[in-house]
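Both complexes below contain chain A, partnered by chain B and then by chain C.
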Partner chain A sequence: MIDGILGTFTLFQLTFILVGVFSGIVVGAIPGLTGSMLIALTLPLTFHMSALHATTLLIAMYVGSITGGLITATLLRMPGSPAAVMTTLDGYPLAKSGQPGRALGLGITASFIGSLFAWIALATISEPLSELAVKLTPFNYFALVMMAIVLIASVAGGDVIKGLVTGFLGMLVTFPGIDPSGGVVRLTFGTADLIGGFKLLPVLIGIFAVSQIFADALNMRSKPEPLEFSGRGMFMSLRDMKVQAVNLVRSSLVGTFIGILPGVGASVGSALSYLFARLGSKTPEKFGKGSEEGIVASEAANNATVGGALIPLIALGIPGSVTDAILIGALTIHSLQPGPLLFSTNPEIVWNVIGVYFVATFVMFTLMLGLIRFYVRISVIPKSYLLPVITVCCVVGVYSLNNTMFDVWTMLGFGVIGFLLERAGFNLGPFVIGYVLAKVAEAKLRQGLMFTDGDITPLFTDPLSVAMLLIALLLLVWSLSVERRRTRSATVKVNESTGP
Partner chain B sequence: MKKVLQSAEIWVTSALLLVSLVFLVGALGLPGGVFDPLGPGAAPEMIAGALIVLCLAVLVRSILRGQHSHAPQQDDSIDIGKSGDDSTPRSLILFFGLLVAYILAFQFEAGHFIPITIAFVFASTVVFRGFDRLSLLTAAVVSPILSVGLFYVLTRFFVIRLPGAF
Partner chain C sequence: MIRLTITAMLASLVGFAVGPAHAQWPEKPIKITVPWKAGAGAVDQMTRQLQKTVADNDTVGQPITIFNIGGPIPIGLRQAKDQDPDGYNFVVMHTAMMTLQAAGKIDFGYRDFEPVVRLGQFCQTTSAHKDTGIETLDELLDRAAAEPNTLVHGANLGAINHVYGIMVEDLRDGAKFRFVQTGGDAGTYPEFKGGRVQVAGFSAAGASNFALGADGMADPESPVRLLAYAGSERHKNFPDVPTFVELGYDFQFCVDGWYFAPKGTPQEAIDGFAGMVEAALADEGMQSFLDSKAMVGAFQAGSELHAEMDRQWEAIAPVAARAATK
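Here is the complex of A and B:
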């Protein structure tokens, strides 16, 4: 671990961390652009880098992008990233009351402390968890993947059935191409370009970047009106720390735990810790009106989810969030196999990720405090200039993968699919998780069946597999019943209000 | 707004249902396994089958909600920062057309990367900002700077091969 941290103190590594965190904050600060988009767009640029430098740059971007959303959430009432939605509720009112520096300062310090908490968990839990994961049977792994997909569909927000639809759709589009187990060409429908399947990069850039560009193109006239910025009160005093200590620790722990759960992500983490902070507060009436506790809870938790989400990625090869799913793709592109064996096959990468996360947290804190005025200016650059350039980057990035226009058309197609799915109220998170995990699930199921001569009963008799499948089932039933109850109560309310 | 969402839901889900059916039929036509009991078609069959069931559930629910107009549709989206009234489908349609033309220009190698990109960035900026004199002037200044800048950064610094005729 010490080597991992010390290894980041080379000129190249530090430059990548600085560039990554800086660009992450800038993208996070611009409403409509997300960290997932930035990381997906940067992937083609990392082809010529070593795996070590590529992971350094991408992890640094991840850390920066989560924090950047705080700026516009506080000053424009527009969350720069979905993870900063809860910060908007109290950040903007506090900034509007004449304390923008205080609102941003609280958020920045809370982000820093939340990240450090998550780093401790990342550095201590990942290795033992991966040692445990090596002992999992193929059926156990299959059950784990199924649980992850149900979990994201159930907990990630929105409609459960629609979440499952996008999750299964993500799985379905991985099947065209050569069957990895038997070498048979399947589901290409006579298209020679499809023999290699839909590549990860065009699909990811299409789903996350192009669909977002279309959505932004639809809302082009909305212009943010920034508040006047003053840096007064940006640093948290020791007294502030004391007052917020319990809130900081609780929110960081909640964020880390939520991050570990596959596919749940920063938005849920910050919402949950905000709820806990409100429940535990002596002044709950201030929440939503500029409560300092609210800002601290939201920001500590959303940053902690980044470190938490890296734990299942490193230890199990299961993405803890949508961005982690893209990171899995990045590792695969660099011929690395994320999962329990990564600790033995490429320990330098694992410890580099952990070391970079630690150093990037300090860099993020410094860059946020030092360059805050610059980010405030950047965040109001009109999208009319940004979108054409981002679109060109999407086309070029995808083309450079194989120098083929088929990939560019694939990107455009998935951009349209992503846009339409979102317009119809489908959550895109499960899509990418399903896409990344489908091949693992299929391979493990077939591997398990080969071991048992086609006998599937171990899947339903092995205690660990049964436990994971049961959790998935219970979660599904619970989410469906909660959704049903919510819809019914809303129906009753509407009927009462429109009744005679 | 909810009606629009509901109709979009029905159309999109119907399209997904059709895609799942195509995949299911394709998977059913695949041979059985040689080395393993499942074969290449089993997983696509299971997933396409599950997707069909789920799409049907979404469709039935959506149609029932449409009939019982008292029943509100669940909408978990958060409105912060969104401005639905400002939607401009015209700019989206024009931009989409420009993007398709941009990709087609590369597909048929209609020219070098720089002029094609200048034209695309100029036209998109004008579509987004409007057709007034100031927008045209800004787009005329910004598009060559961005296109030439991108070309040099991507080819010289990142050593990426760009689309278009050389």
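Here is the complex of A and C:
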């Protein structure tokens, strides 16, 4: 193991890591362009490298890209990548309130710690963790998702009904296309392009980034309000660490674990950990308005999912994420077969992956903090220059994901929907949660029912599922009552102030 | 050694044969559409290896560019079909060309393309979980007939491994598996390992990966017990596993990696492309790639290819239609 890590310190390897992390950060920060796209595009270049160098470059890109998303999410309220969507909810308000350095700094440190946590799990307990993950039944997954989904009500931002409406809208959007269980084509209304459904990247970039472009473009006449940059609060103090300790650990654990589960993904990881953070917070009302805890939860978790996703890849040869699937492709091009055998047949590759992930995490941290002064300037660039560039990136990025124009139309369409929803006072947070969770919930519930030949009772007899469902129920009741109390006190206040 | 020399000789002969066409085709880069995501699956990787081999050996003097169209296969396949038949547009596809059409997910099929060439193929296996105590194919089929709809078979419903599973249960009257959506090899294995899936139809590569130890022998720790191989002869990765034919069943099931061109593509380009693939198959890098994916080179072109596709369509279409409605 030591050899593997030391091996990554050769100058050549370090250059690959630097290039990989830097390009990852840049691509991750640009809305529309994602890490998996960067990795897919780099794949042909790695044909002529050794397997060791190829994996080094690709893993470094993976680590950089998942972090880069927080830059634009925080400064422009446009998530650089889908995994950073939850970061926009609090990062932007905090930056807007005059603390962009603080907002970015928190996100960066949380990313770093989330990454390190996942690394520890990757390097020490990959095997038992993957063994545990394969024990989970589809019903367990479903109950887990239910726990998160009921929290839509609590991120609604004061108006439960409006929150539910956007939440359900998010769920509805997952329905068209080939259904995840039976492979049956549904709700495509005869459109051949809709067979693939509305995909994650175009939908989320549309709802969040494109809608923001529309809003910014309409506000162009009003004078730009440059964010005052101060380095203050950029580094998390010991006190910060203490305050956020529980949140950091919990979010990193949630992220790592969600990462391990195949087919769940970084967006779900950060959404779940955000919801848990809000639940555990003493000041849940600040969430969505610039909560430091919110930023930390989202960023620690989405970075941890990267390390988590590498765990089943290494231990079982099962991709934990889309990007992992491309990594597997890269390995096989070099005649390596990822899987349970990789440890015994090519241990140097396994330790290299683990070592590179570790070093890349530090490189990412240094680069992000070192460059903070430069990218804060994004917010002073006049919108008339910035918006066209971002629009082009969104279109190019979303198009090149699958090389289809349909995805571009999807993105623009959801940009309009997102813009209108916001105008009408709907909070977009529940939309993402509904969208990312409904897919998993449906697939797992139906898969579970196939296993039991249509019998749903195991969902209510399996202790783990029952526990999670009970928690879900309690959360629902609790969050509804909290919201009701809050609305009532708000109404009382309004009455007092408007009363005679 | 002798084998190598013969392949080398064959390669030079092929080079010769392609020679005259060389001057006309190709005059510009050749585009191959892959109707799914980059890097995913053996057939995409096979195409990337073809690209590399052709570039390394300067086989045709022009590069190959690969264009992946993501989303489900029908989207990319339709775009590929409607491309300009100028002799520079090709698409790679496998047996799903048949299953998708039979299931009604595409309203066109292999007959709406010009079949060009088959590069390689991999064959399926049938495995049972060791916890079931099942040790032979006959025991498996007996159990599936005695207790129909109880043994859980992981599959990607409506897709190739599902069709394969149905064909296997059809080998015995009354045998029925309970098919559950688990996806391809990578999605099915965790369910298998977790003990929820008892029967699986892994590809030869998946089977090698999941069932064998580092020494190439059956791994005692693995939950996978390989029962039968659907190739024409035993696979060198697991020489102890019998073929269906040896076990007395007239059954083979291999997934072919085919290249197609849009209808109306000039014959010269079709022949040129086929010749290029044949030459690439003699390359050592291509051979070791195929080996690593437990695939075999299986060059086939012209009327033989057309006949083989017709044969597969007749065998697969009715089963795939059933799979789609299950």
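Here is the rule we go by: the second predicted complex is superposed on the first by the 266 of 500 C-alpha atoms of A that agree within 3 Å, B and C clash if a C-alpha of one lies under 4 Å from a C-alpha of the other, contacts with A are read in each partner's own complex, and residues count from 1 in each chain.
Convention: contacts are C-beta pairs under 8 Å (C-beta built on N, C-alpha and C of every residue); 3 or more make two chains touch, one makes a residue touch a chain.
Note that this is a predicted model, so its numbers are computed, not measured.
Of the two partner chains, chain B is the only one that A:M220 touches; chain C does not reach it.
When the two structures are aligned on the shared chain, A:V134 is found in touch with chain C, with no touch to chain B. By the document's definition of touching, of the two partners only chain B reaches A:Y399; chain C does not.
Once the two complexes are laid over each other on the shared chain, residue contacts for A:D193 go to chain C alone; chain B is not touched. Using the contact criterion defined above for the overlaid structures, shared-chain residue A:I326 touches chain C, although it does not reach chain B. Touch criterion not met for A:S97: it reaches neither chain B nor chain C. Of the two partner chains placed by superposition, chain B and chain C are both touched by A:P44. Of the two partner chains placed by superposition, A:T283 touches none, neither chain B nor chain C.
After overlaying the two complexes on the shared chain, residue contacts for A:L164 are found with chain B alone; chain C is out of touch. The wider contact with chain A, measured as residues touched, comes from B rather than the other of chain B and chain C.
Residues 44, 181-182, 184, 403, 446, 450, 453 of chain A contact both chain B in one complex and chain C in the other.
Looking at the complex, you find that chain C touches chain A at residues 37-40, 42, 44-45, 48-49, 51-52, 66-72, 74-76, 78-79, 103, 105, 149, 152, 156-159, 178-182, 186-187, 189-191, 193-194, 196, 205, 208-210, 212-214, 219, 222, 288-289, 292-293, 324.
Put simply, chain A touches chain C in their complex at residues 40, 43-44, 47, 133-137, 177-178, 180-185, 192-193, 195-196, 199, 262-263, 312, 316-319, 322, 325-326, 328-330, 332-333, 335, 337, 339-341, 344-345, 401-404, 406, 443, 446-447, 450-451, 453. Residues 31, 44-45, 48, 76-79, 85, 88, 157-159, 161-162, 164-165, 168-169, 171-172, 175, 179, 181-182, 184, 186-187, 189, 214, 217-222, 382-385, 387-389, 391-393, 395-396, 399-400, 403, 405, 408-409, 412, 420-421, 423-426, 438, 441-442, 445-446, 449-450, 453-454, 483, 486-487, 490-491, 494-495, 498 of chain A touch chain B in their complex.
Within the complex, the chain B residues that touch chain A are 5, 8-9, 11-13, 15-16, 19-20, 22-23, 26-27, 30-31, 33-41, 43-44, 47-48, 50-51, 54-55, 57-58, 61, 70-72, 74-78, 80-83, 86-89, 91-92, 95-96, 99-100, 102-103, 106-107, 117, 120-121, 124-125, 128-129, 142-143, 146-147, 150, 154, 158-163.
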